[in-house]
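Heads up, there are several structures right after this.
Each of the next two complexes has subunit A plus one other chain: subunit B in the first, subunit C in the second.
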Partner chain A sequence: MSETNRIGVFLCHCGGNISDNVDLDKIEEKLSENEEICSIKHHENLCSLEGRNIIKDQILRENLDKVVISACSKITHGATFQKYIQPLNPYLFEMPNVREQCSWVTEDKDKSTKKALSLINSAIETVKYNEPLKKIPTKVKNSVLVIGAGISGITTANSLAKQGMEVTLIEKRPAVGGAMIQVGKVFTPDKMSEDCAACLLNPVIDEMVHNDKITLLTNTVLERSSRNAGNFDVILRKKPDYIDPEKCTSCGKCTQACPSFAPDEWNEGLNNRKAVYKPFPQAVPSTYTLDDDFCIKCGACINVCPTNAINLDAIDEIISLTVGAVVIATGHQRFDTNKRPEYGHPFYEDVLSQMQLARLMGINGPTNGHLQVPSTGKVPRRVVMIQCVGSRDQMPDGHKYCSKVCCMVALKNANLIHSHYPDTEVIICYTDIRTPGVYEKYYKYVQDNGIQLIRGRPGEIAREDDHLIVRIEDTLTHNKQEIPTDLVVLSAALESSQGTIDAAKTLGVPLTEDKFIKEKHPKMQPVSTDIEGIFVCGTAQGPKDITDSIIQANTASTKISELINGGLEVEPHIASINVKKCVLCGKCVDNCRYQALSIYQNSIRVGPIACTGCGDCIITCPQEAISIQGQSDERLEASIKGILKDKDDDEQIIIAFLDDIGNVSANNMGINRVECPSSIRIINVPFINRVKYKHIKYALTHGADGVFLGEYPDSYKHDEIRENVQVMKKHLQEDGINPERLIIHSVFIPYFRGLASQFKEFDDVLATLSS
Partner chain B sequence: MVDVDKFIPTENITLFRSCLVSAEYPGVEASTKFVFDKLGVEYVIDRNQSCCTGLGHYYDIFDELSTTALAARNFSYAIRNNHKQYVPMCATCYAILKTSAKILNEKDDVREEINKAFRENGLEEFQYNKGDIDPRDDITHVVDVLYYLKDKIPEFKKRDISNLTIATHHGCHYCKVHYNDTLCGYRNPEIIDKICEVMEAPALQWYDHKPRHCGSGFRQRYANRELSLDATVDKFESLHKEKVDVLLVMCPNCQLQFDRYEQVLEDMTGDKHYFAVMNIAQLVALYMGADPYKVLGIQTHTVNVEPLLDKLGIEYDSTEDTLHVRNE
Partner chain C sequence: MDYGCVILKKLGRREMTNESEDDLAHKILKDIKAPSDLGLLRCVQCGLCTSMCPASRHSEYDAREIIKRVLDNDESIIEDEIIWNCFYCYTCHSVCPVGNSVCEVNQILRQMAIDKDVGKKQIESFMSFADSFLEEGLGIIPKEYHGQLKIDYGKHWENLQENLQEVREELGLDSMFLLPEAKESVDKTLDAIGFKKRVDSIKEVRNRK
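And then the complex of A and B:
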């Protein structure tokens, strides 16, 4: 703050919107008493080009260094006036909202004028603390880590590489392709057909393999990650290459020689494989791999390998990388059907999961595509499918959500059975059939093919003689039935994979209550996470089908391109550290949910992309060494001081600190001309936690009758904020101030009428308190 | 001791008595005490305790408010007695007490209404303060305690019971009312099975209808007798098919349904295969050498337990049974 200020005040009439209900002459008269104000000008419409000339002219003529423009909301014309005040720095002005938050919501002209004056005074006091700031240009490294090489990860990797980025694609398993390569067939609703999944996926995989900008690392997991300014330093761990991929010719002699067996994951445990093996015939990479959980290190494979490719003493490889962005494409796993013993999966071998059925029908499956009842080896006479196993389940060990794809999966597999084995009857027991959009046509098509559907969730499955019995109540007819069948197929829920949960933990990304990756906003920002630079796509974010996964994968790559290729100009309201006060305790680093802070070369570094300016670090810092640029404590205090400056003795004033959502809600109050008590003076703060106890105490001891906090409750800080208010109320009590003078309410954009009535109610309460 | 994620008490216990246990199978209480004494569990019986209202509650005779008020009264005795760990023998008492504690902690208006009623009637000492009882940690079923101490059970082995075919039947109100407090599963409940394992008498891993209820349904048994018994029949037939020697229960309601109605069920199904019905505490007591009549109280069972004792080679004096009418 400079010693003396040369402030110019411009009063916009807004074509009568303001001037009809605010006596601007009276305001001018009052303001002219203030020595620091060097110029006061009126205009019909300051936002016009004429207005621009007036503002510019006065700045140059009067040598102004700060400007206050009394007009509408910053949202409407903030950017306009930021340009109009050139040659001044664009952050050296304030805009008291005298339209939406004053003239439009106050009926009495005297009261409205009084309120407008106090809002302008507040802006004058505030602007004194405004500093010249610059938007921060940022650049992040042109490389990306993609975790998970299923359809989502591969799609993102391909798209990023084509846009010129260096991509490292890692996969925990020995081969790429994820769930899609395993399912065998996918449905095509417009053709009413089931197509070969591998045939659709292989070109995509080929593209990835042949792109020089993509480095594929299989058998590799993310071990550690730390944020380094805009980039991420990551450490990857690759399992030992027991079989040298350069030397292996995929002859298969090692597998023949290996004496040790393990359940075959590719076929969902329906058969066994050897400890040294190739995951499946078309696997990429095509080399053999060794499962060290089952290898007994006998050396039989070494003896037969013609190229000496095998080394049983190989060790892990640790790889470190710096990348500009990370994509979580870690996919899903399927609900453990052993958790539903009543469906007999643990007890009866003829109870399968949909994926096991898919493997059984897969040409590269354990029976070469022949559908056989496991216990008899015969073609089943009847197959009963059970939907929603682990989905739409209210019990603690189930998932409350719908897994979204299971209806289509069941219909697809049912139709496949029907077309290959027309004598086999298929019954689907469902809760509701969910086939939105064109999928509905496929549903009808399958139904017309003779697949039977029963609405109901079976109670249990029992074994009787040579077959199984499915007990179900048809909830449309209320008939209880016992359906004899050879095969039962369970449609298990899609759930978050262990890989997803591990990646979230390593990267510090929050999970939803269902343990999927939480997006920044489920509607508006569906591929971003709370950590700027970390993105999510595919089933790591929630159940979805192949089409949706691909859409999301491409969206993620576009968002990364914006970040990396576009370069960003970031608003300057970010944390700044006073190095003289900072003792490098690291509390702010640990506490920052956005991973915006890091310790680098004996100082705290703020990542401008990651920092949201929430100010949470200010509260955690024991040294009070942190401030938000352009939003100091002193500035906030000045805003309060200005409001209370010309307060009359009989006047009631409520200072309402509203977050951005609350501020928009208050503007809506004006736009809809909902009356608001004239006592309300709004100060817009970026986050409610920004308001400290000292500010509240200052307000209540310097003339404010009450303090209202308006908080959008959908934030992770909500509970803490509410607790904090309770603590502040206690402090008030200790300081001899009636705690009822402080209140907090939730705010929502559409509920401006609610906000108005909360203001009114508080106004009334305070009136009775003072009397 | 077994690692569990809820608190299981071994001291400061009020063994919460059950109407059905006392009236129908008093040997269950005697067996529980016998086993607790062996295992060194510290407990008291409180003669001031009242019924939990369970049967009446599910008959719609007692409403939620009276049930909760009665629970508040019982809790106050347990607290004043310095034995606030309630351990019921009956699954219904377990669930009702838990629900009541939850209501008393969470619903301020209900708690206040009950406290007001106490005050107005000179019963201030029964007043309940929010948080007096933790529904999760302060109310545990006898089976929870046995499970927790199961590894100590073999130290007191007196009899070999390993040649029994055992089926377990778990109380619905233990498994399915407060899911989060249920140990060892509720879709395939296994807590009794785990106790059997340590006695080297493993139960059937699974049988058809295992997680099904017994059919008693409180009022259903009396008001809708046919509906109630229809449900019991399914399980009864499945047990016959498995040729079990004994059905183990953890709730006197279930015991009553299978034991007292055995003849009716046999008439309904035409199935005649002998199996005894016992509470798990009775079997543990038997394993630890308890007297079949003086402790287990088998004379109160409708289905004779003596054939089971014969199979196990346990000697007994049948004249101690003064209840059954014998055709001698």
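And then the complex of A and C:
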């Protein structure tokens, strides 16, 4: 705060919007008693060019160093007036919202005038603490880590590389392609056909392999990540290269020689593979790989390898990278049907999952594409598919959500069976068929081909003689039946993969209750996460089909390009650390949900992109070493002081600290002309935790009758905030202040009428407390 | 979100179609026997319960249909004898994917039937259990069932019943009957909670035959 202030106040009429209901002459008269105010000017519309001239003229003529512009909301014209006050620094002004939060919500002109004066006084006291600040230009490293090389990860990597970024694409498994390469056939609804998945995917994989800007690392996982300013320092672990990819010629002699067997993941365990193997004939990379869980280190492979490519003593590789952004494309896994033993897994070998069926029908599958009943080797006479296994299921281990793709998967596989084996009857047991958009056409097409659909959810599968029995009620016809069948296929839910959960943990990204990656906003920011610079796409974010995964993958790469190529200019209201007070305890680093803080070379470093200026770190710091630039505790106290300055004895005043959502909600109250008690004085804070007990106590001991906290409850701090309010109420009691004078409510942007009635209710309660 | 709830209350479908929350489904949900998380209103008629239900398999009873009729507010179900086919095996309860429980809904429907009088004749034959409870303060198997139990369990069971007192003495057990003051206290309790009155009102259907 500077020693002397030369403050100018400008009062906007807003074409009558303000002046009709606020006596600005009276306000001018009152303000002129304040010696620190060097200039007071009125105007019809201060946001006009004429207004600009008046403001600029007064700043120069009166040598003003701080400015208060009483007008509308900062959201409407804050940026305008930031420009109008040049040559002053754009942060050296305040805008009391006398329109939305005063003249539009207060009927009585006297009360409205009184309230306006108090809001202007608050701004005058506040602006004294404003400091000249500059927006912070930031730039992050031109490189990206993409985790997961399924269709989503590969698509993102290709797009990023084409936009000039260096991409490291890592994949836990030995080959790329994820679920899409495994599934064999994909449906194409507008053509009413099933197409070869590999034929669609291979060009995309080729593009990735041949792009010099992409480094592909298979058998590799993310081990650690730490935020370093705008960038991420990551550590990757690559499994040992037992087989040197440079030397391996894919001759396959090692596999022939290997005596050790393991279940073949590529074929969903329907057959076995060797411990040294190639995942599937078209695998990328095409080199052989060694499964050290099953290798007995006998050396048989070494003896037969013609290029001497095998080294059983190889060790894993630790790779460290610094990247500007991270993409989580870790995909899904399928619900473990062993958790529903009533459906016969793992007891009956003729019960398959849809993916097992897909492998069985796959030309590169265990039977070379011949559909055979596992126990007999014959073509099934009948196949019954059961939908919603583990989806739409509130039972333990089940998932409440709909897995979104299973209806189409079942219809696709049913139609495939029908077209190759017309004598095989296919029945799909469903609860609802969900085929939105053009997919509905495919559903009707499959139905017309003779696939039977029974609306009912079977409870169990039993074995009788040489076949299985499915017990079901057709709920449309009331018909209870026992369907004998050779094969049962379970449509297992899509669930978050272990790789997704691990990546979230390592990167500190929150998960949804269903353990998928939580987007920043499910509607408006579907590929961003709470951590600026970390993005998500594909089924890591929730069940979705290939098309939607590709859309998200491309969206993620665009958002990264905005960040990396565009650079950012960040608002200067970020945390700043007083190095003299800081003892490097690290509490702030652990607490920051945006990962904006890190310890670097014996000091706390603040990442300007990540920091939102919420101020939550302030209360975690035992040394009181943290402040938010331009938002000091003293400044907040000054805002309160100003509001209470000219309070009359019989006047009731409530100070309402609202977060940004609450502030917009309060503006909506004005826009919709919803009456609000004139006692309400709003102070907008970035985060409710920013308001300390000392501020609340200061308000209640300096004339405020009540303190209202308005918090948008969608943060993981919500419970902590509510508990904190209880603690503060106890402190009030101890300090001899009625704790009922402090209240907290949830705020929502459209819920402005609710906010108004909460204000009214609190106003009434306080009136009875006082009398 | 708070906001959604307010709007729903104001403009809810129920209010607009002049329905209130006193339909059969809500009566069941509000019943003291209903668990607080009963998924009755979440039922999508998937039929999983029926596919597993032994009563549905061997009779006209259809577990899903019971819920359908409740949701349709079909009060005639209370008087329908079909609700007495369920024998509380709780299979439907344990398999329902939305946390509904047909057997518990059935129990409430049966209680409604008893309150409405029509159900009394269904449970009248069990009143001898109530009698033993009133007479001895114990839930022992009434004499009238002994004949069938003899057939089911054979000589061994009959011997045990005849020599029960001796067998218990040999095992060092006290008398299985309550002390007179305990019996008196149970009697008073059964009177105070209206058990006796209820038993009488159910027995009363015998006279109507």
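In the analysis below, the second predicted complex is superposed on the first by the 771 of 771 C-alpha atoms of A that agree within 3 Å, B and C clash if a C-alpha of one lies under 4 Å from a C-alpha of the other, contacts with A are read in each partner's own complex, and residues count from 1 in each chain.
Note that in this section contacts are C-beta pairs under 8 Å (C-beta built on N, C-alpha and C of every residue); 3 or more make two chains touch, one makes a residue touch a chain.
Fair warning: this is a prediction, and the values are worked out from it, not measured in the lab.
Visitor: After the subunit A overlay, clash or fit between subunit B and subunit C?
Guide: clash
Visitor: For A:460, select first, second, both or neither according to whether it touches subunit B, subunit C, the two together, or no partner.
Guide: A:460 sits against subunit B and subunit C alike.
Visitor: Considering only the touch criterion stated at the top, classify A:388 as touching first (subunit B), second (subunit C), both, or neither.
Guide: second
Visitor: Classify the contacts of A:480 with the two partner chains as first (subunit B alone), second (subunit C alone), both, or neither.
Guide: A:480: touches subunit C, not subunit B.
Visitor: Could you look at A:615 and tell me whether it touches subunit B, subunit C, both or neither (first, second, both, neither)?
Guide: Neither subunit B nor subunit C is touched by A:615.
Visitor: Name the contact category of A:432: first (subunit B only), second (subunit C only), both, or neither.
Guide: A:432: touches subunit C, not subunit B.
Visitor: Based on the superposed arrangement, let me know which partner A:342 touches: subunit B (first), subunit C (second), both, or neither?
Guide: So A:342 meets both subunit B and subunit C here.
Visitor: Report the partner of subunit A that touches more of its residues: subunit B or subunit C.
Guide: Looking at subunit B versus subunit C, the one contacting more residues of subunit A is C.
Visitor: Of the partners subunit B and subunit C, which touch A:472 in the superposed model: first, second, both, neither?
Guide: second
Visitor: After lining up the shared chain so the two structures overlap, which partner does A:748 touch, if you call subunit B first and subunit C second: first, second, both or neither?
Guide: The second partner, subunit C, only.
Visitor: With the two complexes overlaid, spot the stretch of subunit C among 4-12, 22-30, 130-138 or 148-156 whose C-alpha atoms clash with subunit B.
Guide: None of the options clash except 148-156.
Visitor: Overlap of the subunit B and subunit C footprints on subunit A, residue-wise?
Guide: The overlap between the subunit B and subunit C interfaces on subunit A comprises residues 342, 395, 460.
Visitor: Which part of subunit A faces subunit C closely enough to touch in the complex?
Guide: Per the stated touch rule, the residues are 342, 388, 392-395, 398, 431-432, 455-460, 471-475, 478, 480, 746, 748, 750-751, 754.
Visitor: Using the touch definition from the top, list the residues of subunit B that touch subunit A in their complex.
Guide: Answer in residue numbers: 179-180, 186-188, 205-206, 208-211.
Visitor: Which of the residues in subunit A come into contact with subunit B in the complex?
Guide: Checking each residue of subunit A against subunit B gives 339-342, 346-347, 395-397, 460, 462-463.
Visitor: Show which residues of subunit C lie in contact with subunit A when the two form their complex.
Guide: 1-3, 6, 39, 44-52, 56-57, 62, 64-65, 91, 95, 97-99
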